[in-house]
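Okay, got some structures for you below.
First chain A sits with chain B, and in the next complex the same chain sits with chain C.
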Partner chain A sequence: MSRTAYLLLLAVFLAPAVIIYSTFSIYPLLATIFNSFYDRQDDGTSLFVGLSNFTTLLSDPTWSAPFWNAFRNNCLFFLIHMCVQNPIGLVLAALLSLPRLNLRATYRTLIFMPTMLSVVVIGFSWQLILSPLWGVAKMFLSFFGLGFLFGPWLGEESTALLTISLISVWQFVGIPMILIYTALLAIPDELIDAATVDGLNQFQAFIWVKLPLILPTLGLVSVLTFVNNFNAFDLIYAMKGALAGPNFSADIMGTLFYRVFFGNQLQLGDTSMGSAIATMMFLIILTGVMIYLFVIQRRMHRYSF
Partner chain B sequence: MAEVLIDKLCKSYGSAEILKDIDLKVEDGSFVVLVGPSGCGKSTLLRCIAGLEPISAGGMTIGGRQVKNLPPAKREIAMVFQSYALYPHMDVKGNMAFGLRFAGTPKAEIEARVAEAARILQLEPLLKRRPRELSGGQRQRVAIGRAIVRKPQVFLFDEPLSNLDAALRINTRVEIAKLHKLLNATIVYVTHDQVEAMTLADKIVVMNKGRIEQAGKPLDLYYKPANLFVAGFIGSPAMNFLEGHVTGSGRVEAAGSGLTLRLPSSCKPGDKVTLGVRPEHMNLGAAPGPLLQAQVDLIERLGETGYAHLRLPTGQVVISEVRGEPGHVTGDSISVGFDPVRCHIFDAAGRRIE
Partner chain C sequence: MLKTALKSMLLAAVASVALAGSASAGKITIESWRNDDATIWKEKIIPAFQAKHPDITVEFNPTAPAEYNAALNARLEGGTAGDIITCRPFDASLDLFNKGHLASLNDLPSMASFSDVAKSAWTTDDGKTTFCVPMASVIHGFIYNKDIFKELGLEPPKTEEEFLALLEKIKANGTYTPLVLGTNDQWEAATMGFQNIGPNYWKGEEGRKALIDGSQKFTDAPYIDTFKALAKWAPYLGDGYKAQKYPDSQNLFGLGRGAVYAAGSWDISTFRGQNVNMGAFKAPPPAGSECYISDHTDIGIGMNAKTANAADAKVFLDWVGSEEFANIFANALPGFFPLSSAKVTISDDVAQSFVSWRGECKSTIRNSYQILSRGTPNLENELWNVSAQVLNGTMTPEAAGAQLEDGLKKWYAPHQK
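And now, the complex of A and B:
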């Protein structure tokens, strides 16, 4: 085959991926970053303003207060997932991989089920469950004499974000579980036998042998959680609308961006500032992933058995 | 070191009986090899001794102590696994010291024991390496080192050589034999390789379908197999079996011809018997015993020796060892003989008749 024909063939096979990836991923990303350097005038023209959109976003109190609020809330959202979702996923995976367990497949399916449901369905169902008027949660707690614990969790500034985060945890706990479960299954039984002969019980073998071996998977789960959480939008929008109330207490980067870019109620859409927020989101996620790739992952060893 | 006594041990998974009434004595300081075909229960028996599998019935003592209900770590055993089962996230030293650290052994003692094991196994330059930076043979030595530092009463080996290539396997086999002498250790060793069994063992235990078929010194099993299974399992190529029946005093009709043998007096005319002759005890052409007519099917030449596959008039194929350079080719009609003294006789139930 001649060199030209070979290059042509390469181009033909690469083209579909390159075209689709460029059109739907690279172009929008670059266009957004490009947009964030311009200010759209009332007459419809765009004016290059350099970094001034970003200065406004970070220093003008009208912009910076909502931005930092959303950033703080988003960090909290991520923290709750890291501290609740992933440890529970780990424990569930450890339980699922116990040698003597009946109904393994049933548990696995049931726990994974919410992940497959639509976020809108989840959001709506939980709104009904937690409703102070006729929610089943209130009746359920009262049945056990714990009715005094119930509160309008979704309606109070102090608990709205926490409640939504926990609903999200409930929905997505299946993903870390499945990833960690798969990693645990790859550990050969003989290794645990060796640990048993060395005097470790099941729990100690998990802590000292299995856990160090699945660290790469835990890292992967963490970085996936981070990316997903800082891109989150749908559950909060489904339950609380774009205002992410009460009083923006559940506002995260995604909902802030949505309001600014597309406009909401009396707020007019502002594509330039919206793009600036989107670019900030991109930078935050990029930073997080870079830290993972260059600082954490390099120190981790992957093991083949 | 200690002796292991297994008394009427049974093991079943649900209704499936894996081990049935196993009685076995492993003498102090002896090297016992469990052999048998896949699924015969030899690995399960080893895991029962280790305590990794609970036993369903019967008992077991190690060094006079009943260990039936003790966890593996309390049985004073050490095990070398088929896949070596080294901890991938620890270096060689960490792997060897791990169990000791868990047992609360003083640090100086751990250092000393690891250094000693490393010296015996020539692992000193590798102590800081992780398992994945080691070759198969080195991993094997680390696995043995991990066993040595525990100073166990009994070493258990589960097919330790099966993951090594042929050349390394022979070397390691010799190393293990030396190690046994050096440590004066009691060893129970599982393999499906009868060469390993014959060369290493003080006592071979042949297992089949969850039972012990015969236990004894390697050459006893070779010269006096207790039944057809052991006769067919020990020796390579396998023993030739000729079905026949007793026709008269000292005479057997087998392989389509009448043969004169020295039969024990317990054989009556009409009894069904099986004659067993090892390939190395058969001779092409003249022999000091009965002759069979056969046609050459194939000759495998290995150099100094070779194996002739011979088709008898009944259609059965027997294998005979040939020394030197046989002149025969496929299709030749020849006669093959064997020494009646070297012929094993088994009764209808497959038991050896003396």
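And now, the complex of A and C:
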């Protein structure tokens, strides 16, 4: 095959991915960044303003207070997922990979099921479950004499974000579980056999043999959680609307962006400021992923079987 | 080969878009967010128009409310929007006019049958140009369950004091939720709470204009008093009202579990559907003071400045301003009240009592809508936030007023003095 033919073939095979990725990912990303350097005027034209949207966003308290509030809430949202969703996912995966387990496929499917449901369905069902008016949560707690523990959790400033985060954990716990479960399956039986011969029980074998082997997967799960959480929007919007109240206590970057970019009730959409927030979201996610790639992943050992 | 195929496909796509955009003569398309009313437009309003103008075909083409503003903007900028545009009140439409998407309607004959207040929502700041025909307003008040009132021997209250005494009685009885209002969605607190009873405190238009020219501030007595009155409702709201959504409120009252519902007149048709035996009373003013009602201009209708069919569109808009339209509209959609000065007979008794308040009290519109919600932080959003917090008991009335005033001071010159 001549060199030209080879290059042509290369281009043909790369083309679908390059075209689709450029049109739906790279172009919108660049357009957003580009847009954030402009300010839209009342007559519909745009004016180049350099970094002034970013200066306003970070230094004017009118903008920076909501921005940092959303950032803080988003970090909390991420931490809850890291501390609750991923450990539970790990434990579930470990349980699923136990050698003698009946109904394995049933458990796996049931736990993974909520992940495939629409966020709107999840939001609506949980709102009904937790509703102080018609919800089953209140009756359920009262049945055990714990009715006094119940509160309008989705409506309290102190608990709204926590409640929504836990609902999101419930929905997405299947993803870390499946990823970790697959990694656990890939560990050759010989290693476990050897460990057993050396005198380790199931639990010790998990901690000292399996866990180190699946560390790269745990890293991947963490990065995915980070990216998804900082891009999150839908569940909070479905449950609390664009103002993510009370008093913006459930406001995260996604809802802040939506409110600014598309507007809300009497607030008109501001595409340039919205783009600036979107760009900040991109930078935050980029920084997080970079830290993972350059600091953590490089130090990780990979074992080939 | 591939190239030509691609080219022809592109051409075909462009052509079909162009075709879809250009309306044939004699045909006009209406853009609207009122998809709930699509049947009424198709079965009642449009046939009535066509009986008089058989040569003009009208198509009602609604978009979902939450997507309307964004979708309409995109279509207007892409040149594919319909000929007639349903107008949101105030800045959303003013913005469209300033960008040249809406045409001036000053020369429309039926404009004469609308008052300045009715037109204010669709008029430029200098008052010179009106760009949408005022179509409907919504009135705030309270809807009550007549059966519950009869059972407990209650009468609709006339003053704020009577109102609170009434709620106390219902609470003491313990069977029903005294006042149905939730704070989860926030706008309920602001719209059905603050804007509902507020005009009694800030004296309607007088206070609304004083806020705009800066002679009154949100830290002044009328506004603090409104928040104080609002805070008094908290003990009478439903169990867990902090997590109660708007549909929860509608169901609570619709199923007969709530006695009084803080309402917008548009709720009438919802409750008619649930067969509630209901009546209405206006926001009760403090004893000894005059009454004011929030009669808010909510829907207008205007013309796409780039329409290919301006003559027919104007014929239609002029008809929307007529007495015939007002009567059809008011009766097909009880709770949306025509704004024209034409004589209108409404058959729904609850809608009738809402509209009768226009004669007893002075009307005003929501004070956050004109001019004051143009800056950042957005006053309307702030109002949702603080009203919900006052009802939740997490903010004092004074702090609520101070936060609104601080926000306004950041960008609005008349309040910086």
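In the analysis below, the second predicted complex is superposed on the first by the 292 of 305 C-alpha atoms of A that agree within 3 Å, B and C clash if a C-alpha of one lies under 4 Å from a C-alpha of the other, contacts with A are read in each partner's own complex, and residues count from 1 in each chain.
Just so we're on the same page, a residue touches a chain if its C-beta (ideal position, glycine included) is under 8 Å from a C-beta of that chain, and two chains touch if they have at least 3 such contacts.
What you see is a predicted model, and the numbers here were worked out from it, not measured in a lab.
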Q: With the two complexes overlaid on their shared chain, look at chain A and say whether chain B and chain C clash or fit.
A: fit
Q) Which of the two partners, first being chain B and second being chain C, lies in contact with A:213: first, second, both, or neither? A) first
Q. Between chain B (first) and chain C (second), which, if any, makes contact with A:301: first, second, both or neither?
A. first
Q. Looking at the overlay, what does A:17 touch: chain B (first), chain C (second), both, or neither?
A. neither
Q) Taking the superposition as given, does A:241 touch the first partner, chain B, the second, chain C, both, or neither? A) second
Q. In the superposed arrangement, does A:116 touch chain B (first), chain C (second), both or neither?
A. neither
Q: Using the touch definition from the top, say if A:191 reaches chain B (first), chain C (second), both or neither.
A: first
Q: Once the structures are superposed on A, label A:1 by its partner contacts, choosing first (chain B), second (chain C), both or neither.
A: neither
Q) Is A:200 contacted by the first partner chain B, the second partner chain C, both or neither? A) first
Q. Quick one: angle from chain B through chain A to chain C, Cα centres, nearest 10°?
A. 150
Q | Least Cα gap, in Å, left between chain B and chain C after the two complexes are fitted on chain A | A | 50
Q. Tell me, which parts of chain B touch chain A in their complex?
A. 47, 50, 52, 71-73, 77-79, 81-83, 85-89, 98-99, 102-103, 130, 132, 146
Q) Which of the residues in chain C end up touching chain A in this complex? A) 69-70, 73, 90-92, 95, 98-100, 183-187, 238-245, 248, 251-252, 368-369, 373, 376-381, 384-385, 388-389, 392, 394-395, 407, 410-411
Q | chain C partner contacts - residues on chain A that touch it in the complex | A | 42-44, 62-63, 127, 130-134, 151-157, 240-241, 243, 245-248, 259, 262-269
Q: Name, in rising order, each residue of chain A that touches chain B in their complex.
A: 188, 190-191, 193-200, 204, 208-209, 212-213, 301, 303-305
